[in-house]
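Presented sequentially are two complexes of chain A, the first with chain B as partner and the second with chain C.
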Partner chain A sequence: MANGEILAPVSGSVWKIECTEGQAVSEGDTLMILESMKMEIPVEAPVSGTIASLTVKEGDPVEEDAVLGVVTT
Partner chain B sequence: MPKITKLLVANRGEIACRIMATCRSMGIETVAVYSDADENSAHVALADEAISIGPAPAKESYLRGGAVIDAARKCGADAIHPGYGFLSESPAFADAVKEAGLIWIGPDSRTIEKMGDKDNARTIAKSAGVPVLAGSSRFALDRLDTLESEAAAIGYPVLVKAAAGGGGIGMRRVDDGTSLRSVVSKTQSMAERSFGDGTVYLERFVPKARHVEVQIFGFGDGTAVHVYDRDCSVQRRFQKVIEEAPAPNLSDAVRSEMQEAAVRLAESVSYSGAGTVEFIYDADRQDFSFLEMNTRIQVEHPVTELVAGIDLVAWQIEQAAGILAPCDQNTIVKTGHAVEARIYAERPEKNFFPSPGRIETLFWPSSRSGLRIDHAVRAGDVITPFYDPMIAKIAASGPDRPSALALLDTALSELVITGLSTNTAFLRRVIRSDAFQRADHTTKIIDDLLVPA
Partner chain C sequence: MTPLRPASHIPMDTLLSELAFRRREAEKMGGEAAVARQHAAGRLTVRERIRALGDPDSFSELAALTGTGAYDADQTLRGVTPAPYVCGTVRIAGRTTVVGGEDFTVRGGTTFSAPRRKGGQGGLTEDFAYHYRLPLVNLVDGAGGGVGSIEQRGHTVFPGVHGFERSVALLSRSPVASAVLGTAAGGPAGRAILSHFSVMVRGGSQIFAAGPPVVKRSLGHAVDKEDLGGAAVAVDEAGTIHNAADSEADALHQIRRFLSFMPQNVWEPPPVEECDDPIGRYEESLRGILPKSRNQPFDVRRVISLIVDQGSEFEIQPTYGKSVVTMLARFGGRPAGVIANNPMVYAGAMDDRSARKHVRFMQLCDTFHIPIVFLVDVPGFMVGIRAEKRATLLEGMRVVHAAAQLTVPTATVVLRKCYGMAGMATCNKNGVDYKLAWPTGEWGSLPIEGGVAAAYRREIAAAPDPTAKEAEIEARMRPYASPFRTAEAFAVEDIIDPAETRPVLCGLIELAAARIHHDLGPRRGPGGFIP
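Up next is the complex of A and B:
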């Protein structure tokens, strides 16, 4: 039992969210894409499981290491 | 002739500061525009006047041509310099500036438009007798009938490119016919998703490629000169990292053919102002092919200025004001060698992820003859995630390439920036690498250096 927090790898803003709550995902899947300094930064699933929650929406600014959601295993 | 007495810089960061420095030496008043995120930034502090043009995201501020022109009207500026990026290659903005009765510092909108369309630029290059890379027609989503035959005609390996892409986004290498269709389909759907246009085309793949370019300056009367060449092969994510002038390790014949080709292209469109003709140099075949033409001042222009002793921004302003006398090619003389490193707020060890943050301490290299630093940052400044990660350019020149490289390495060893991560140490690794020292590197040099030994 190791739930995974989806963390922002860098400060920026949420450009695209490519998953929905309740969706089954595998570790390493791209869940969303952040935009920072004109670069697209993929945010990957930390573990395989189900998206329990997403705490951001597209366009939101995020700080590095902010929790963007949770994947339950 | 219209006189320029007050110039608005429609940009931010180091290029805004650099343009304003030339304005000051010409006795021209300067106006900065800024977004909410840049209210306390260096380019605002350095300008005679500064006008707010909107919220932090570029599309709500620096990309809003109307807001920029309103700002120019409000403060009584008579000219707009767009710098690079943002609105610098927008034909609509160039037109709007002129319609507002202001002087546009750049080539006319039709030239920007023609060169901005890759296909069109290729056609113009071909008709000016400039070599272009073998390529295919364009393939829309449901029109792939001639795909295989066109790929075979170019010869494998080929590069699949999204027509609406840029900066290396949406490029895939294909080695033979078996995977061609699937790669083309994947690239098409990616391009459809990312750019709203799934059109792709094929191009000859060059295994040992260098990025070499020629600085040109057109006088708008059908004559143009080149201001030598640059090599910008050191790139990460298809973005330049280290640039030098002249391009090393080129035969005299190739160099002069390339310079002449660039001038022919500029003259064929009666180019006005500063521009750069970019080529891909095939190190195996020792030939060059046209990539694109950038109709603006380039980030890496300092290396050209260092070897040619010319202020390109001053030329741009004088050309736009109609007071620049066309000059002969033989009056442009190159001395020595120059190399520039771009300091990015990023983490090379983490796949060059951006590293926005606050600069806590900042020590620039000591001032030395031949050293030039273009920047817009001070200790305490916040580097926001909204714009490009480049925070400074350090350029070094000397009588020859080894001395320029040594000076740059020394300068980088003295540079201290804390509070955020930069690529400074990585730049030194590149400069000291055997491949770069020997100048037999290709555009893959950074990937090669990152392969664990």
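Up next is the complex of A and C:
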């Protein structure tokens, strides 16, 4: 299984980050929440593994499909 | 050369045995080796597909004898290679449907050059469906004509000699469903698009304007046919084909499901089925189905499943334009189209893709007199640079345009947000314009948050504490956002208990039936059905 890039499902801002680098996660876990169109949009782990890196911080604007971090399997 | 005797001198037995021989030849398709190759590729033959599509033993073949005969020097028939297209009628749930498909085992399903065509655009199958006002199922497995015929003809053919006029005209008369079951380009691909519903096999079929050899020649790019036109591109990314299927059997099953909601033609009402799910069923769980915070998404498919006849949903384009959900379903046995904003994707905002999907689905319903139920939770058109670059405003206004031309009865239920021009696309001002809302409904030309900042910019900027001022104005306006205030003013027709959504909608769909019955026939207005 390849490493998984955490991608923004929608354009918006990073509202809340709910994971840290090095943390073990399961596929489908909510890693962070974006604020978009005044809604809280969860960002899920693309694969099970460990958070290798997070490339955004709370408050950052992101475009759809932007890489927010990487999960290594 | 022995002169042939007139046929009338040949005994009937002999003539019948030749007929039987020719029919058996047709059954053999491209021969044992070719059929084995088709199976080895994980594919059914066209005859197996037709049998899988129709009710048992319901296939009645048309034009089985067409083909290329092989004769000895004394004109004795040795064999017939059938035309690479098999067609006829089957019954689907008892109703007659025209079906035709390329036979890939015969010359790869390429076009058969004869004065009259069996399949393809303007062929017998389309004429049959048009003339008898029957649904048509295309089983697409071929790339159309090749350049090989140029040598036979001695000239090249102007595009459109075998045009799509009949395919287009059929779309405003009878349901057309297409399954792409091989690699489709050219004419067969065109006809798959000129359909009310299309499906392809994920991992097993491809469709494109031009295949890998042409791409290589034109762009110098080496591409794999699955990367170019597999379901991940044609269904999920582009929406060129409506649905993906897991297998050929699933694709054919989806077509049966689709047709179960369709009338035989636009002169007949949509088919009503027996329904054992009570139309008066209250669903108390709907009262708690929205999250406590209005900023959190919820599963609108769950809402739909609780409202429609149990298990009746058939979703169209589930993997494309996902911020709106489009489903055929039944209310008290009567078909309806459900269009629901999906807050789990883009917060339900309408983007270019969901807009395109929304228009196609409304046109489908309107063409076949299927009433539409809108379940609304839309914050507006998608915003931002990316959305503007994708012409969201243009695509969104096309939805408003299409909604304004609807002739079929509609019912609108606002579950939560209904904002802006995207909100306008979820009701029909030409009819009774009956808008219902759950008590959680909220609406406006734009939401109070954000709207306040724009409208009261100077007042806010001049205040000693602008943030507090903005919050103060928002708090002052918030009570006006109560849906009951709008109902008081009769600007929304009614507020309903979420638990009574099904009984109310079943009632409205039943009311629509009489109206639909009197409005049967081709859809008024210009253009007809555009895929």
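Things to note:
Assume the second predicted complex is superposed on the first by the 72 of 73 C-alpha atoms of A that agree within 3 Å, B and C clash if a C-alpha of one lies under 4 Å from a C-alpha of the other, contacts with A are read in each partner's own complex, and residues count from 1 in each chain.
Operating definition for what follows: a contact is a pair of C-beta atoms (placed from the backbone, for glycine too) under 8 Å apart; a residue touches a chain by one contact, two chains touch by 3 or more.
Being a predicted model, the structure only gives us computed values, none of them experimental.
When the two complexes are overlaid on their common chain A, residue A:E18 makes contact with neither chain B nor chain C.
Once the two complexes are overlaid on the shared chain, A:E58 sits clear of chain B and of chain C alike. Of the two partner chains placed around the shared chain by superposition, chain B and chain C are both touched by A:I41. In the superposition on chain A, no contact is made by A:E27 with either chain B or chain C. Once both structures are placed on chain A, chain A residues 9-11, 36-39, 41 are touched by chain B and, in the other complex, by chain C. Against chain B, in their complex, chain A makes its touches with residues 9-13, 35-39, 41, 61. The residues of chain C lying in touch with chain A in their complex are 293, 295-297, 343, 345-349, 379-380, 382-387, 447, 449-450.
Chain A makes touch with chain C in their complex at residues 9-11, 36-41, 63-64.
Of all residues in chain B, only 237, 345-346, 350, 353-357, 385-389 touch chain A in the complex they form.
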